[in-house]
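To start, the structure itself, in structure tokens.
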Amino acid sequence: MAMIQSLLAQGFQMMLVLAVAPLVIGIIRKVKARLSRRIGPSIFQPYRDLIRLARKDTVVAHNASWLFLVAPYIVFAAIWVAAALVPTYALGLIFSWSADIIVIVGLLALARFFLALAGLDVGTAFGGIGTSREMMISSLAEPAMLMIVFTLSLLAQSTQLSSIAHYMMTADVGLRVSCGLALLGLVMVTIAENGRVPVDNPATHLELTMVHEAMILEYSGRHLALIELAAALKLTLYLSMLTCVFLPWGIALNGAKLPVLGLGVLIYLIKITVASAVLAAFEVTVAKMRVFRVVDFLNFALMLGLLATLLLFVSRSI
Amino acid sequence: MDLPFALCLVSLLIGAAALVAPVAGRSWASVALYGLCLGVSSLLLVIGLWSLVAMGGGAEAPLLWLPLGIPGQGVHFRLDGLSAFFLIVINLAASAASLFAIGSGRHEHAPHRVLPFYPVFLAGMNLVVLANDVYGFLFSWEVMSVASWFLVIAHHRQPENRRAGYVYLIMAALSTQMLLVTFGLLSGFGAHLDFDAIRATPPSLDIARLALLAVVIGTGAKAGLVPLHVWLPLAHPAAPSHVSGLMSGIMTKVAIYGLVRVTFDLLGPPEWTWGAGILLLGGTTAVTGVLYALMQHDLKRLLAYHTVENIGIIAIGLGLALAFRANGFQMGAALALTAALFHVLNHSLFKTLLFLSAGAVLTATGERDLDRLGGLIRGMPITAFCFLVGSAAISALPPLNGFVSEWLALQAILISPELPQWILKFLVPMVGAGLALSAALAAACFVKAFGAAFLGRARTAAAERAVEVERSSLAAMLILVAACVLAGVLPGLVVDALAPVTTLLVGSHLPNQITQPWLTLVATTPERSSYNGLILMVFIALSASLSAFGVHRLASRRRRRAGAWDCGYPETSPATQYTAASFAQPIRRVFASVLFSAREKIDMPAPGDSRAARLTLTIRDPVWALLYRPVAVAVTTAAEIISSALSLSIRQHLGLVYGTLILLLVVLALWQ
Amino acid sequence: MSALQTLTDAAAGNVGAIALLVPLLAPLIAAGVMALIPCHRVAATLNLLFSLLAFGAALVLLNDRPPGDMLLHLDDLNAALITLNTFVAFTSGLFSAGYIEHERQIGRIDPLTGRLHHVMYQALMFALNLAVLANNIALMWFGIELATLTAVMMVGIYRTPAALEAALKYFILGGVGVTLALFGTILIYFAAATDAKGGMEAMAWTALLIHADHFDPTLLNVAFIFLLLGYGTKAGLVPMHAWLPDAHAEGPTPITAVLSGLLINVSLYIILRFKMILTATPHTLPPGPLMISFGLVSVLFAALMLYRQRDIKRLFAYSSIEHMGIATLAFGIGGPLATFAGLLHMLMHSLTKSAIFFAVGHITQIKGTQQLAAIRGIGDSHPALGWGLAFAVLAIAGMPPFGVFMSEFLLINAAFAKTPALALLLIVGLLVALGALLLRLNEVVFSEGERIPGEVHQNNGLLRASRSLPLVTHLLLVLAAGLYLPGPLVAWFQHVAARLG
Amino acid sequence: MLGQSFPFDMAHMLAGGMVTVSFMLLFQDRLIALIWFLALHALALALALAWQAHRQAADDLYVAAALALVVKAILIPMGLRWLVRHLQIERTVEAVVGVGMAMLFGIGLVALSVMVMLPAATHSPLMWEDLSFALAVVMLGLLIMITRRNAMAQIIGLLSVDNGVTLAVVGIRGMPLVIDLGVACLLVAAMVVFAIYFKHIHQRFDSVDVHVLDRFRGEES
């Protein structure tokens, strides 16, 4: 019985992130539009877009291979699984033990790997541009991410996100410099990994500035829908991670009762909405950088991560 | 009985080499020989597995003595946990490579240059891990080097292969000589040559330090630690592909075996500085190795540079294990050592797989240049699949095996702050960042390699016409694919098998994995960290099928083929695709402009000028310029100086003799 | 030749010494017979038969060791060496059968010179065997001097300007060398005669060793310096080596093989004999540092010189200098391990280097030149020959599974025990030499070449055998030694090593 | 007048005479003169040997003295003279080092020889004297060899070295005769070999200056 319950809780989270993901995009777009004095589309527009895309015919280039056709599913599945394993509304779900934060980074890398290959499959110049830049950015973002992971897991003595979140809820965290640095670093990585301004512009179709969009240029129909959904999921995942680690309050603890879980869901939705809005607000205040400025941006994130780790030793030894 | 049987099998290999030499040209010789090698390797694999399992049950390591080699000392053999593990590593890859060669061997245009040396090469590697005395070890070590050297220059008509062979054999000799130094120091200056005696009398600290230095150079030169790696990207691609696979996949591991055997087994208790040194070396090797690889456009050379990277990762694990052991953290040492040895196994699997796939590509197209391939996924779907799995594994992507060892290494890094030394506290996270960087860059590099070779449109007619290679070759690759997946989803089995090895070397082992719920991999405690490749794999498969099912059922399932969209640009020539070099351009600009002084020179003709524009890319390897060229220049200059100084007439030579005589007499007069 | 007469008389009294005399008499008689035989084939066959006879006698001596006398004796040290001498003489004789035939066919030498070659060849063997078997130190000198003279005759056999230069250089440098050695020998006698009884006993090495503990150290010191320089010249130690490359390059290849394989070995052997006397005498100069310096200088110098060679025989001549340096170094280091290594190295080098010269001889005949630049792609055009050379060069470079690996292994271990810096220098020398040898091997064997279909086949069985048999036999022996050394040989060497100190 | 030390003085004088002749050889610049002085050198040797034979009443030393006289003082100089005449090369040979320098160096060598042999003096002064002089003659002979560029002059130097070696024998009793005979035989044989080559070289190069041959040495420079 307990088994079924926990399986249900896990299943609910999978569905929850899937349901929330387009909403996050919608909120961001809406807030951005409002901040730039436009009305903007409804926050549910992304759902409509996805459904429309899924209904359309899929047009595939003549020379696209099986990899091109399979990649969207793998990308989507990998990100979905990763998102399902990040604590959102409750800690210690049954399968959260099967993957710690390092594995989640690994799953995202898996998704990116296949997306990048898909970008190269048709053999167009734009696919190449996008892929090559994406891999360059990720090669810098991943170490930065790992350094932040180091900081957090050294602090919590664990790499399990649930344990980290649980540790952050306890009183003995205090206000640590390391935590602040890690937060800043994680935000920067989130921006870079999800192709947000100032690293990439999800709204652009100006060829030479595209990164993510260039990679998926050849996709259409249901494939594109899956990829768009996967991108939204990835953003949700990062926001969930930010909130669960740095704003852990309100998450239901392991083995909590149903009402507490319900409260957890509600609080999660509030947190994610706020986070989306903050992200949107940030995006309107900055301009997109040149590609090679991204290097400095991410190096800064890496430095933050390293500094956070090292300061941790200092503060611990005092 | 397993040790004598193993030695009989090895001598069977050597006998086969002698027998096949005269008939190497016949068509059946290659099939027969590789078949035999396959059989022998499989049996040795079984012996290794069986011994390791028996060792897990507490069995003693069998010993054997033969009255060969150095008179009075003989040759000693021993099959302990470490040897058994490396026996498995060697023979797993060796049997796959042999199977591959059963089919692909008939494409070899110089079989007489390959067949006699291939079994000797296998025999040499097996003997190295079985030897239990200095002479036997070095003898087998050098036999391994010489046999592989012959394989490297098998296609000697290409001048670059000859150069590769030259550099290779000199570095191999350097390696042997440095190991000779190591053992000279350890064996009490030649007093006792068998390892048991060395174990019984651990050297003093000063001697141990010198020996460590020598052994790091000695095995590093063979394994490819930066800056001793220069031969590796030259030599590995030069050999026939299945041999390249073995050289990269397992010969470098035999070198790692040497390093582990000496540092953990023979050298006595370590100091933490040793660990720090190897850690730093490993980190440097990992990052520079992968950066080198990114700059390559020759498929096999790219793979060879990745070997350098992976050797660096293994060295990181070993260095950590030494540091932990020096501080008495046996648990941490066991974790780091397990990570390193797990990576040894993994790398042997996926690197052999990748080289075999590259060999299939080479056989099918005759090309190794990525910029002359493309679109092979259509003509060679199975090879493409195999290469894809190998790429994913080497890029440390879950749920494949490469990720597991990387994960274990990161877990080991995460418990390093418990080490008391501040240098280690700071160094280890940096190395961890380096590890992450190298994994990310490896992913980038394999996106490039797979993309350029298998995806896109064919850049040459040869790539256009490519078809799959023989069944047996495909089977060999698929077996390795299966091994990669298995080791990835059931890592607990491997970790458990490594328990006797780590117990032997550092006196501790990881928690028993087979008893963990859901076959989860646990590094130290489940609260701290855990990973379950199996569940992840099932999850991904489920979600992927679920989404596919959902999309197909609930939405459109129609599909139409059309021209590529490409932002509306018309269909262009395949030459407009991103090449390997252009793919690497952003990364090159970020990382290599300082390290490799990479420069791009664009020669753009003036408007109206009809000549073609040219882009020249120059990359300089700093190691050659800083380390090897000076040595070469010094030797040639010294040779020149000496030979011109001593190019004398008879009378002057007489004068020399006379001078020597007077000198000696003066010395004598003074001495008296 | 009156000394020889005395020798024969003395030995005739001793029946057990007959086998001991065969290695001396067989070449001597052969030299006389050869002078009378005009037909090359017959001469070549006879040459072989006499060499085989001497070799057979040497094999008999291995088991049945006659007691020595004041002139000749056989102990653990020279038993192995005489076997080696007669064996290499036999294989080189086999090789020379084909070689000289070819030289005659292309008209490089006339029949008379061919006959001279055989005579001198056997005379050389006589001299070398005499030097090895002699107990009398003057007889040793005599053997070496005679060997030098015959070798000079052979080196200049082609009468080209370069050959004449080589012969003259050999003559003058060798002459100085033997004169110095003679002076040293007389000084030894002086030391012995002032103290012990005079006469033959003061010249017998065995007697000298017994009385060595009350010799005058000053005389011995000076004597040893002269002997080291004198016989060191013959052994090709730097800086007395100048004759060696020239003589190797210009002489006919069978002689080169014997020079490299035997003559320099025998000279080093004699130095060893005197080293034993010196160490047996108290308060003398320690011979170790002297020999170490000569050895090390030879190794390093020869290793560097290898890079500058354009002539294939000269290349391997420098390699011989290097290896003599290694052996000298080993004896200089001393101790049971190093001395054992040195003895083994002498043996292995002798077999391997003569094998190399067998291969080189064929190659130079095929290509008609000794210039390295003109020798390319042997592995393609003549696979068997090319591979033979490749394996032999790997063996000489100290690669397993060949015997040189074992001796170098032991030596480096021993050098470590003495002075680690010494071992490092030796390693540097070995690596530098390997670099040069490999560079040339790459060019000679593994560069691009065309397979020549219509290769000349020798119809005569003997000549066909002479093409490959010597090379293969030597390589197999070196290979076997790398894997397993026969017990008796080990016991002798260990015994000698213990005595050499 | 003939004091106690007369035998010693006599031996001293003869050995010293050889050293002096060696010095003379050092600065002779004509071939024929060199050959004459070589004969003189050998004569002094023969006398020294004979004196010792007389002193020690050793018959074998008489034979050695006779051998030295016949082979070294008569046969070989005659042969060399014949060769020089035959090849018509009775021209001067120039010493490479200045005579003064060579002399100075020679004196240094004599001093070195004495010093090297000094510890042996404790045994018997005669032996010490004799060996020192022998060593000095050997060293001077070698010096002659390296200061000359003419092959013939070099051989003359070598022969004087050989004389010095034989001088060492003077001090010892009981040196087996067979050794002397053997050495003498080899010396003659060596001279024959040399003559053959010398002739060949002269025919081919029209010179006996060894520098002419340098072009043909195999070394690269």
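Observations on the structure shown:
As written, the chain order gives the labels A, B, C and D, with residue 1 at the start of each chain.
By our rule, a residue touches a chain if its C-beta (ideal position, glycine included) is under 8 Å from a C-beta of that chain, and two chains touch if they have at least 3 such contacts.
Computed from a predicted model, the values in this text were never measured in an experiment.
Listed here as common contacts of subunit B and subunit D: C. The count of contacting C-beta pairs peaks for the chain pair A-B.
Distance from the centre of subunit A peaks at D, each centre being the average of the chain's Cα atoms. Centroids of subunit C and subunit D (each the mean of its C-alpha atoms) stand 31 Å apart. Each chain gets one centre point, the mean of its Cα atoms, and the points for subunit A and subunit D are 100 Å apart.
Subunit A and subunit C have Cα centroids lying 78 Å from one another. Mean C-alpha positions place subunit B and subunit C at a centre distance of 44 Å. Counting only residues that touch two or more partner chains, subunit A has none. For subunit B, residues that reach two or more other chains under the stated contact definition are 643, 646, 650, 654, 661, 665, 668, 672. Contact of a single residue of subunit C with at least two other chains is seen at positions 168-169, 172, 176, 180, 218, 222, 308. According to the touch criterion at the top of this document, the contacting chain pairs are A-B, B-C, B-D, C-D. Against subunit D, in their complex, subunit C makes its touches with residues 1-3, 6, 138, 142, 145-146, 149, 152-153, 156, 159, 161-162, 164-169, 171-172, 175-176, 179-180, 182-183, 186-187, 189-190, 193-194, 197-200, 202-203, 216-219, 222, 245-246, 249-250, 308-311, 314. The touching residues of subunit B, when paired with subunit A in their complex, are 374-375, 377-378, 381, 384, 388, 391-392, 395-398, 403, 407, 410-411, 413-414, 417, 422, 425-426, 429-430, 432-437, 439-441, 443-444, 446-448, 450-452, 455-457, 518, 520, 526-532, 535-536, 539-541, 543-544, 547-548, 551, 554-567, 569, 572, 574, 576-578, 582-587, 589-590. Here subunit C touches subunit B in the complex through residues 168-169, 172-173, 176-177, 180, 218, 221-222, 225-226, 228-229, 233, 239-240, 242, 285, 290, 301, 304-308, 337, 379, 383, 394, 397-401, 405-406, 409-410, 412-417, 420, 423-424, 427, 430-432, 434-435, 438-439, 442, 446-448, 482-485, 487, 490, 494, going by the rule given at the top. By the touch criterion given at the top, residues 643-644, 646-647, 649-652, 654-655, 658, 661-662, 665-666, 668-669, 672 of subunit B touch subunit D in their complex. Residues 67-72, 112, 135, 138-139, 142-143, 145-146, 153, 156-157, 162, 165-166, 169-170, 173-174, 177, 180-181, 183-185, 187, 189-190, 210, 635-636, 638-640, 642-643, 646, 648, 650, 653-654, 656-657, 659-661, 664-665, 668, 671-672 of subunit B are the ones touching subunit C in the complex.
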